[in-house]
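Every chain is named by a letter (A, B and C) in the order it is written, and numbering of its residues begins at 1.
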Amino acid sequence: MPEPALLAESLSKRFGGLQAVADVSLALRPSEIHAVIGPNGAGKSTLINLLSGDLRPSAGLIRLGGRDATSLSPEARGRAGLGRSYQKTTIFPRRSAFANARLAAQARSPRALAPFRSADRDDAVNARARAALAEAGLLDREAAIAGTLSHGEQRQLEIAMVLATEPTVILLDEPLAGMGHGEAQRMIALIGRLKAGRAVLLVEHDMDAVFTLADVLTVMADGRVIAQGEPAAVRAHPAVRAAYLGHEADAAA
Amino acid sequence: MGGSRREAALAALTFVALALLPLAAPAYYLQFGAKVLLVGLAAMALNLVVGFGGLVSLCHAAFYGLAGYTLALVSPRYEAASLFWTLPLAVGASAVAALLIGALSLRTRGVYFIMVTLAFGQMLFYLFADTDIAGGSDGFYIYTRPELALGGLTLVDLDKPTGFYLTALATVALATLLLLRLTRSPFGQALAAAHENERRARALGFPVYRIRLAAFTVSGALAGLAGYFASVQFGYVAPQMLGWHFSATILVMVVLGGLGSVTGPLVGAAAFLGLEEVLKAALPDHWALALGTVILLVVLLLPGGVRQLADAALGPLSRERPPGKPLAAAEGATGA
Amino acid sequence: MDLVTFGVQLLNAVQYGLVLFLVASGLTLVFGILGVINLAHGAFYMLGAYTAFWLAAATGSFWIALVGGVAIAFVVGMLMEDVFVRRLYGRDHLAQVLLSFALILILDEVRLHLFGKDVHSVAPPDFLQGSIQLTDTLSYPVYRLAVCLFCLLVALAIFAVLRWTKIGMVVRAGAENREMVRALGISFDRVSRYVFAVGIALAALAGIVVAPISTVYPGMGDGMLILSFVVVVLGGIGSVAGAAIGALAVGLTDTFGKVFFPAFSSVSVYLVMALILLWRPNGILGRREV
């Protein structure tokens, strides 16, 4: 089994009296999609925010590429190869799709903050931006202003931006939320392609998508992991059936 | 990007035209022109953090004034100090102050940032107004202007209106060039990106705090550059140079001229100072009231009006921002 | 410093802090509830003092000046909210900064035309004149003690209103979460108008009670505005309790700074602010990002 690209050990997060995440451990390995499911309020989003550095854990350890990343800022984790999407699409809406991707590619460039060169004339950055747009299936929309793209295209753009930073770990927070059927099918195919050489964490309510995509499945309830392993095995787990899959209809709604 | 290239070309033409002004205009207009250019430079400096960075700073007058005071304090009384060492010293003092104040203020967001910069700016104001470091509230004279000379040969006579005007113009032109390059560079794009969506900029790996601190420091240094020459022009420094009313005034110029462009604040400064002169002449007793009313009306009724006029004239980065919502450009400052 | 001198300075510090609290609590509430940063807040402090001078000179009574000044400020506050401030709800901070800066210029002109630009003093009420002899060489003015007491009562009244009345509950809820107040279906228009008017009235009240201690002069609002900002930054925006802590901290720092480091007393307050910012960027009682 390959070395994990991202490892979380006994992560916990308290907000005042509320234990949002309790003693969660998981490993994300290259070329694997690791899905995290659970009813609303199970702590999935908090977990993703802990992994990306948007929140600091109350206890526990995070290792990124074998190095301790527990106290790193989101930007330091970004530079260390971690990319993420947010539940609410997080892009630069007033710039073109290409400019969005270019900024992302720039962040990864050795001249990310050069003060006197021209930002739009860096061939390596431009090429990486185009490649990312192409991989996300958005190259034909590169000139459109991001804010005018459809919801599904904006989510694709967000993933293109993540790709342009050449990540080793990708965290996706409900990438299918709010999508129509056609858009969702495109996105599922895109996520399936993302795992080539990368470790992907997928938080998603759409069970069909999860069972189509996931190589590893973690089920959370009340901030804890109640089951973890291969999807088929987890699905059969009695605690999961009791705590979660019985409510599948609610959660998917 | 095309907009900013057009802006650079237009700025170059304007500066060339302005360089010809001494052939036609009498000394009074040259003095007024130099004043507009230097205050406009301070506004351009401020706009780097407000318009591009989305950080509403209310302490830029302090950087402007600090450079002037630095010159006043190091200038010998009866002989001219050389510009070649007083200028870097004064600008350096402003840069260091901006670095320190920025390092603390940038830990805060939105309205805290406004209040904290205001407070630190006033700290420097009181430092000069309440102590006798340099004349207290009465101010301090620079008896002899610094000289721009090499090996005994005077290159430009800063005592003459034409010499001073051309020096100020050259300084502002160089600063404009620097700002045009800076805002188009990866650094400038990262600064703007952090303003448009801080969360995304950080997730991409941009070190937002350091980017902002660098921009704040450059901005403070350029405000100091303006303040240095302004104090050379008037031969006098007073605490009001550092006071927050001046900070707010140049902020008004920034908004008048347009937040999204490098040279807009120069236009804003010309419009503001021109209007001030007209109002002072027309309504000697009520000009401040009239000026306040104009600002009020611009904010309330024409948030995009003056900006759009400037856009039409200069064609800055308007493509990247929806028209008619110039103030929204500082929305990032409200903290996402 | 002997104990009596120390006591006197401590009283001065507390009195200063209490006056600051009156000004800053209005500022912090207006921001907390209305989301508006009001740079013209200090101008109302100055106008309050001038109004008190004018009413006291016209009627010969400090009490009429006090009550009349606060009432005028309250009404002006209501009007201001109606005409200008409500246009700023939801606008960005830059627009708010510019509009309130324009208001400062205008209010300064109003002051110039109504009251002139002279420096004035206001006599305290007769029975509060005189001093208490502490030692052979030290005495403490009765009026300053009365100011302490009065401001303390006003501060307690503010806390009582916030704690126990319905409108206080709404205001506290609004400081926590503006949207929630709207969601509760409470008439936000009325609440916001009262909050702004009360904030202005408190600033004017502070200006009035201070008038007999300091002098009444055109620039008095500026210094107060900046210090109120420091207080709000120290305490945390929207927190009235934080404003109380911040105001006392500034009062103590300023007063004892003047005693121990006279040359740098005006800088000491800002150094304290810098230290607090290193420790807690959102203020002592501040929680949320704004």
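Please note the rule applied: a contact is a pair of C-beta atoms (placed from the backbone, for glycine too) under 8 Å apart; a residue touches a chain by one contact, two chains touch by 3 or more.
This is a predicted model, so every value here is computed, not measured.
With centres defined by CA atoms alone, the chain at the far end from subunit C is A.
Averaging the CA coordinates per chain and comparing them to the mean over all protein CA atoms picks out B as nearest. Computed centre separation for the pair subunit A/subunit B is 42 angstrom, with centres defined by C-alpha atoms. Centre-to-centre, using mean CA coordinates, subunit B is 32 Å away from subunit C. Look at where the CA atoms of subunit A average out and do the same for subunit C: the two points lie 48 Å apart.
Among the residues of subunit C, none is found touching two or more other chains. In subunit B, there is no position where the chain touches two or more neighbouring chains simultaneously. Those residues of subunit B that touch subunit C in the shared complex are 50, 56, 58, 104-105, 107-112, 114-116, 118-120, 122-123, 126-127, 130-131, 244-245, 248, 251-252, 255, 286, 288-289, 291-293, 295-296, 298-300, 303, 327-328, 330-331, 333-335.
The touching residues of subunit A, counted against subunit B in their complex, run 52, 54, 73-79, 83-84, 86, 90-95, 103-104, 106-109, 111-120, 122, 161, 165. Those residues of subunit B lying in contact with subunit A across their complex are 1, 181-182, 184-190, 193, 196-197, 199-208, 211, 320-322.
By the touch criterion given at the top, residues 31, 37, 39, 84, 87, 91-95, 97-99, 101-106, 108-109, 222, 226, 229-230, 232-233, 237, 263-267, 270, 273-274, 277-278, 281-283, 289-290 of subunit C touch subunit B in their complex.
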